[in-house]
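Same chain, two partners: chain A is paired with chain B first, then with chain C.
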Partner chain A sequence: MDGFLASLIGLFSPYLFSLAVIGTVAGVFVGSIPGLSGTMLISLCLPLTFYMQPVAAVVLLVAIYTGSITGGLISATLLRTPGTVSNVMTTLDAFPLAKKGQAQRALSLGIAASFIGSIVGWLALALLAKPLSELAIKVGTSELFALVVLAMALISSVSSGSMLKGLLMGCVGILLALPGVDPTTGVSRLTLGMWQLNGGFHILPVLIGIFAVAPILGDILDLGGKTPETQHRPSRKFLVSTGDLRRFWPNLTRSSILGTIVGILPGVGGNVASVVAYTSARAFSRKPEDFGKGSEEGIVASESANNASVGGALIPLITLGIPGSVVDVLLIGALMMHDIAPGPMLFVTNAPVAWTLVTTLLVSSVLMLITMIYATGPISRLISLPKQGILPVILIFCVIGVFATTNRIFDVWLMLGFGVFGLVFERARFPMAPLVVGFVLAPIAEKSLRSGLMGTSGNVWQFVSEPLSLALLAASAMLFVWPILKAIRSWAKDGRGGSSSDSPTD
Partner chain B sequence: MLNLVKLTLGAAVLSGAVLAGSTSIAVADWPERPIKVIVPYSPGGSPDQLTRKFSAVLAENGILAEPVNVVNVQGHFSVGATEAKNADPDGYTFLFLHAALMSAEVVNPDSGVSWRNYDPVAKTSNFGLTIVTHADQPYTTLPELMEATAQDGHDIKFGVNLGAINHLTYIDLMDAWPGSDFKLVQAGGGGKQYPMLKGGELQAGIMTSQDILTFQDPDIRVLGYSGPDRLGALPDVPTFRELGIEAGITYDYWWFAPIGTPQEAVDGMAAALEAAIQTGDMQAWLEAKGLTDDYLRGADLTADLEASWERIVPIANKAKTALNR
Partner chain C sequence: MSDQTARDAFLLDILLTSVLVVLGVATWIVARPIPDNAFEPLGAGFAPRTIGICLAGLGVLNLAVRFIEPRSTEAVSLFRQTRLLDCVATLLITALYVWIVSVKLMPFWLSTGLFTALSMTLLFRNVRLIPVYAGIGLALGFAIKLASSTVFYVDI
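Up next is the complex of A and B:
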């Protein structure tokens, strides 16, 4: 506790506090620009931190991390292009809501949910880091596999409209996750003989292509044709009441906890967190049909979960020295350059650094809330400039963002290719959410299944003998079979000619 | 807010300018502009840290007049390696890599990599791997673990990254202890094995000394090190040979340039790296990270690369056979 207070007081020194402000504001700013991401800004700042004190480096990087994961909300709402990959699920509902003239409501909900998610993640980090990380370690390959299967079984529930198209896009997502060097045997597969594909498809060009470039291309095609869309310029009013809190608290709690848990799992971050929280919010919702059409619950779920994952992902970092997300790999790198080992001895050998990680997350969450409330006005004024002016600028940022992250022109072409792909499939009314679920989760499922099977010499018994994985697999089987049963039942009831509202055929 | 961004950018530019400093190595006209070194791994990992340390030492000591910028190419390392191979050989692009380059050439010929695709520049330090187990496990020495696996037969789960360098060291060790038979589990590098060891999914594993020094966890018992001598940073860990096990390979960190790079750039970079590795700062850093100070260039380096290749090919072929089974 002393360490916590000392660190918190230290954080209010002019130097550290201004770093926290700069980091949060810069994070919100890059996060809100499609293509630019917190990961990119942190990679660019990494060499800079080698010349800083370790505590200062931690403050700057954690503040950027917190700011960037929230900033993406703004462009997701106003432009239908998620600012970062963690805001993809937010776009699905925030933009339709904005289109109905409720942009400010969508933003306010997203900001409030982000803040609450951040605080839940922070509480877990501050109070429960030790027990939670011990629990996370117990999550073995079989449990992880079952967890991911459950999330993938929810593909059917995230796709609005045709179930068949949803499943098809889920499979396309899985297919996109396969090329590259086989994670288990180190041999190239499905690379079509292209060395550029040895590393597989990087998540950034794929998701930015589909979710940022495709809508831009679509908007360009529509320019001049239709009447210009109504400008839904948000006011500075913060449209969230205590009534909302009462209404959304089960969703907020569930999504924040899910986000924290997903964050703790090594290597998966905000994007998976929001996918998992969104799919389960829809499964629990009384109005699942609203998801994808402007559901307030969808925004709340996605934004609280991706922010909660920040705190969650720091838990294995400060307790074990293993990264909970891609950004944490960079944080570990920054600490290692200063000869600080971020393992279980961190609180013993470098207590100030460990406490700074905890306190910075709290302070930057509050700073993020303030920044977001004040930044949405100016940023949305920028965004609501004439589309002829704004679209090329965003496209340029997408190109810069992808290139700055992967350092390859190939990925820029890939991003543009996926933009065209996204446009074609969207115009054909294929839902894109299942593709994200498949693409993001399939590699985790594959690795955990194959490692798990090696540990049991190919015996699948372990996957059903552990109580947790058995329960998760049973739940996924039910989720998968249920819509089919429902369809059969309604088909039997209505007779062959009757068409029910949730017919699986299209 | 824009002002803040400008401020940050300004600070970045300023620090770059300060770092550029003065010149001391005078090689004709090289370097005239910033140098790019491709690290085919994600930022933050061991290869990235080492390259960035070199970059900092080169700048701080004024060894090179131009900055050395680290460019991370992620995905599989063969992607960055091929980018470097195809780069313009103008003396301003280099590649930093280790023996993964040689093992992949054997294990995954489809990746198209070969160490002969480059002009060798220098070898800067090398590293070995350590065999670890969880402190709950009954094995307190490496021979005890090896004896146990030879007797229990296929019951002890051992984490590796199949086809990668930790798998090669594993095979080298197994060859030296007839009858040893672990149950291999694909885990990845040390960072991936560590939680699996803690969670009881693995009983033993193999990771770099850098990994051990990152986690510094009393739950992880380090049984042996593959290098020829004990490490300063891990003084209590015996080498394989000390334990009477005739095994132990180490891997070098190499700097390469695209074929056709001007000799003055290759020589200039090699000389700069030599000056950097001799600084007290670099020496202390290497020791703290569990890396062994080692430097070669020119004809000695070429001969050393040939020797490494001869040593790695038979082991990598065994890895390939094991993978195909």
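Up next is the complex of A and C:
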């Protein structure tokens, strides 16, 4: 509690508070522009955080994260184009409601639901992070290895596209983490004779290449036609009453809890959370036929869940060092640049950083509410800015950001290379999330496996003899086997004259 | 999806998966074999070789699935995008910019102005506004240079 209060008070220092305000406003703004995303902005800010204290870096990045998830609501409502993937489900009902002349009502409901979802996610984070960390310290190397395997299996199976492609990208991510000097034996491996690879791939060119350069190139490919213009001009009226909150209370609670739980799952973010909450809201609704035609319940479910997932996603990051979402991979990257390892020891070795993650989410949620109420009008005028003018500027920041941080032009070339790689593979529907999760988690998995085996002179039996690691490995195996069994059953059905569109890999 | 686009998408899928299979096999060959070490049973080559095998195996599986069910591919055609040339040109301009910055061929603000003018003209397809684009780039270049030298103490 002392750590929490100290962090909260510290957050109100002029420097940190202004970073929180800048981060939230920038996040809302970028999140509201279709094609740009919070992930892209966070990637671009990573080099900037290299020059900051770790606490300040965390404040800026978490504030952007919170702001961007909500910002997408504006374009989802006014342009029928979700600002971020987390707002796809919101678009289904917010835009039809806006078309009926109730844009302000749709935005107000979304803002209120986003705030409540954020607070529920934050509550889960604040209540669970410390106790779970204390529990996680007792986790041994075999359990940690099994946990990382489960995380990677989960991210591969739930990422967009086919599971096989997810697994392939996960392997590529692990492979990218392997070049360099082996930490256990000191042997140089997979460097191809290039001294620049002795330290392995720097995290910055990989992340900026995949999350910033690739989307920019993708946006250029998709350029064309006129930028849609909004016909609605939001005001500062906040059209949500306490009666509304009472009416939506069960939906808000259910969706926020679902969002938090989905957020806790490794690698799964707000997009999956909003789909799960939206589907369940429709199942529980008295008017399921209204969903997709301007249902207020749909907006509430989607927005509360995607915001709740932010708090949920930070729980595995703090307690186990495993990213709860793709944005968390970037947070891990920022901490790694400061030689801070997220995980169970974070509360012991870097308590201020751990508490700042918790308190910033609370403060930025309040800031997000204020920003959304007062700045939606001005932001809605800017979301139609031509992308042709924004994309080259972002490219400049990508180049300078990587060069200024690593001071090696080699890394800038790498960044461009990863940008092209990300573009081509994403167009072929190979998901990128497993790649970055694999890249970040591979060193932890390898270290756990090898130190575990060194302790038992190479006896792999310990990985299945511990009940927890056995359960985690069994769950991972199920995640691999279940889709295959499902596909075989579907094929068998097809053979008997049935029809199915299931692919063995999907 | 038209037949031609579907065929392109299928070919892209096959091509990229084949690249991954080759990458997996190459990793398996290049990585060192497991040394006989009592204290470190796996050795530095264990992880690369294992991942190499997994990558190649999964790639072959994906290829098999795509050939059994060609229509199941979810890829989109990359080669028939109308803006593909713009994308490649932007990439080349960026590469030129990186090279100029790396060899310090001209002052940073000037190279940034040049890059912005070229890329914005290409994307907007409006030659008359080149001075405006160059002005934006020069201002941005000055601002970055100033910030890098006074705040971050980095020599660009």
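By definition in this document, the second predicted complex is superposed on the first by the 277 of 506 C-alpha atoms of A that agree within 3 Å, B and C clash if a C-alpha of one lies under 4 Å from a C-alpha of the other, contacts with A are read in each partner's own complex, and residues count from 1 in each chain.
Criterion: contacts are C-beta pairs under 8 Å (C-beta built on N, C-alpha and C of every residue); 3 or more make two chains touch, one makes a residue touch a chain.
These numbers were taken from a predicted model, which means no experiment stands behind them.
By the touch criterion stated above, A:220 is placed in contact with chain C alone, chain B being left untouched.
Look at A:416: by the touch rule set out above, it reaches chain C but stays clear of chain B. Using the contact criterion defined above for the overlaid structures, shared-chain residue A:266 touches chain B, although it does not reach chain C.
Legend: residue contacts after superposition of the two complexes on their common chain; A:428 is shown touching chain C, with no touch to chain B. By the document's definition of touching, of the two partners only chain B reaches A:46; chain C does not.
Looking at the shared chain after the overlay, A:337 reaches chain B, while chain C stays out of its contact range. When the two complexes are overlaid on their common chain A, residue A:457 makes contact with chain B and with chain C alike. Contact with chain C, but none with chain B, is seen for A:392 once the two complexes are overlaid on the shared chain. Within the superposed three-chain model, A:322 lies in touch with chain B and out of touch with chain C [touch as defined at top].
Annotation: chain A residues 51, 184-185, 187, 407, 450, 454, 457 touch chain B in one complex and chain C in the other.
Put simply, chain A touches chain B in their complex at residues 22, 25-26, 29, 43-44, 46-48, 50-51, 136-141, 180-181, 183-188, 191, 193, 195-196, 198-200, 202, 266, 316, 320-323, 326, 329-334, 336-337, 339, 341-345, 349, 375, 378, 406-408, 447, 450-451, 454-455, 457.
Per the touch definition, chain A reaches chain C in the complex via residues 51, 161-162, 164-165, 167-168, 171-172, 174-175, 178, 182, 184-185, 187, 189-190, 192, 217, 220-224, 386, 388-389, 391-393, 395-396, 399-400, 403-404, 407, 409, 412-413, 416, 419-420, 423-425, 427-430, 442, 446, 449-450, 453-454, 457-458, 503-506. Touching chain A in their complex are the following residues of chain C: 9, 12-13, 16-17, 20, 23-24, 27, 30-32, 37-48, 51-52, 54-55, 58-59, 61-62, 65, 69, 72-76, 78, 81-84, 86-87, 90-91, 94-95, 97-98, 101-102, 112, 115-116, 119-120, 123-124, 136-137, 140, 144, 148, 151-152, 154, 156.
Those residues of chain B lying in contact with chain A across their complex are 1, 4-5, 7-8, 11-12, 15, 42-45, 48-49, 52-53, 55-56, 70-76, 78-79, 82-83, 104, 107-108, 110-112, 154, 157, 161-164, 183-187, 191-192, 194-196, 198-201, 213-219, 285, 288, 323.
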